[in-house]
Amino acid sequence: MSTVERLRTRSFSWQDPAATAAAAMELPGLQCMQAIVDGTLPPPPIARLLDFELVEVQDGRALFAMQPAEWMYNPIGSVHGGIAATILDSCMGCAVHTTLEAGVGYTTADLQVRYLRAMSDTTGRVLAEGRVIHRGRRTATAEGRLFVESDERLLAHGSTGCVILR
Amino acid sequence: MSTVERLRTRSFSWQDPAATAAAAMELPGLQCMQAIVDGTLPPPPIARLLDFELVEVQDGRALFAMQPAEWMYNPIGSVHGGIAATILDSCMGCAVHTTLEAGVGYTTADLQVRYLRAMSDTTGRVLAEGRVIHRGRRTATAEGRLFVESDERLLAHGSTGCVILR
Amino acid sequence: MSTVERLRTRSFSWQDPAATAAAAMELPGLQCMQAIVDGTLPPPPIARLLDFELVEVQDGRALFAMQPAEWMYNPIGSVHGGIAATILDSCMGCAVHTTLEAGVGYTTADLQVRYLRAMSDTTGRVLAEGRVIHRGRRTATAEGRLFVESDERLLAHGSTGCVILR
Amino acid sequence: MSTVERLRTRSFSWQDPAATAAAAMELPGLQCMQAIVDGTLPPPPIARLLDFELVEVQDGRALFAMQPAEWMYNPIGSVHGGIAATILDSCMGCAVHTTLEAGVGYTTADLQVRYLRAMSDTTGRVLAEGRVIHRGRRTATAEGRLFVESDERLLAHGSTGCVILR
């Protein structure tokens, strides 16, 4: 089999992220995140790059869904750990974002992920749920879980510390 | 301006990751990583997905390069933190991998990233350097730095704990 | 007021830790931890040093209690962060320990603590609860919460990764 | 041998921590830390509790020394991991403190420690060195190493994120 035969290709499209970023500062956080769930605001490029979607938000909570795939693989034959880190960072950051008033921003100060089981293209759809643990004036913390949708097997868990920008 | 006008598209291609994964178990780690640098083994899909490349390896050290781009953006107007996490995970994991004999594997137990400055599509090329701190029989740890190539401004730093699989 | 007048002194006593350490390898983990709760095995020196006690254990869970005091202070006028780290490490490590069969040991690979509110000598009694999140063959993870007993205000939370030693 | 025979006792004394805490806010950080090294300000209670000492400070760096002892032991026969966490937290926090102007405070947002080798009462004197990695307006990060003084064997390493309080 030639190298050429083994080549696989994927394309993805995204919209100018400036519109969503502007809305993220003008709207209360929960309303902004809900607009992405509803499709009235475009998802950010990262969601198109990794083909994940924000499926549910509430005050202090966000749920994402993703399909692990071969194009996410590392050199050792499984989905790269950065993919789990990215979706966990997303669900925890969005959970914090839902607690912010309009005009207040945040930035992630640190991210920590613990890997329990590798993902592969046969894992099936996975869910990442982020929940705020602490929301202070200057800082916030959140925890996240990544698990298989069908049987709730836990794949990874983590936490984050955010700085609130006023 | 219509939504259609704002759509941007990117395509990427990758090769069956099984060949590299098989080599990763058969070759000594440093030789396997060097083969990816040299192009005699195909880069893993994740490197094509994020368009990063392994530019240099030595015993206990790995250096990656990447160009931050709009298609990596989060909903708040900068490169998603998961991208820094992914390239830091890569450079630290590869640094650990370079220390493994043939037939010995590893898995990342945890990843921690501290974010100092956001990346954007005007940041310019960035480098991620991973270095092994401890290499024991059962476990290994490594540290990583992500910085701007042109002026060495530090963007993020982190560490990882790996389990050696014999 | 002279320096001499401001001197305060505390004494504590402990027993040879070898007995408890030997029991820790011979008994199933839960039984060993329960013997410390019951007082049939002496508490380890660290518990006398910091005057904390193991008040409750179950499979995968451990609860400690402690009284924050002036002799735990840092140079900036509150209880040193290492105290919270120590009791969180204890409750999470003991939670993992409760899941081990006789003859199986463990070691803490890493500890992470997020500080939400400082403790002082007016905080009142605090509780630290550790719970196992994942218990695999080679590794385990646990989470912990430190909170005020009277009103359940959260003071700190954290997580740990352990390596199982067979 | 009776239980009574196995009882060991240690006493320690400390001074009212209010004086050092007040100086910590009035002096530039480096000057305050140097006053503790010189003995013109009393060490904080935690340093007497664990019998460690601040031996050297510079701008962005702090070095502590400690003698591992039996009274620091955990239930599994070695020095409790919280001791390493405490001295690492100290050296990293003090390193950050040396960078602060008079009147500016800080608080530790999170602490992370990776354990490489256990300490025991035969380890001999250990040193903990903290170095600032990033010092921004709102936040700072630092790294720390704990090693045996005689042969520089690395025992643990870690990092911290701090919030600057203006």
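Some observations on this one:
As written, the chain order gives the labels A, B, C and D, with residue 1 at the start of each chain.
Basically, a residue touches a chain if its C-beta (ideal position, glycine included) is under 8 Å from a C-beta of that chain, and two chains touch if they have at least 3 such contacts.
Everything quoted here is computed from the prediction, not taken from an experiment.
Touching chain B and chain D together: A, C. In terms of C-beta pairs in contact, A-C outnumbers the other of A-D and A-C. Taking the CA centroid of chain D as reference, the farthest chain centroid is that of A. Chain centres here are Cα means. That of chain A falls 19 Å from that of chain B.
Chain centres here are Cα means. That of chain A falls 36 Å from that of chain D.
Per-chain Cα centroids separate chain A from chain C by 33 Å. Counting only residues that touch two or more partner chains, chain D has 109-110, 112, 114, 161.
Against chain D, the residues of chain B that register as touching in their complex are 112, 114, 116, 133-134, 136, 141, 143, 154, 157, 159, 161. The part of chain B that touches chain A in the complex is made up of residues 3, 6-21, 24, 32, 36, 42-46, 48-49, 70-77, 80-83, 85-87, 89-90, 93-94, 97, 105-115, 118. Those residues of chain A whose C-beta lies close enough to touch chain D in the complex are 109-110, 112, 138-139, 161, 163.
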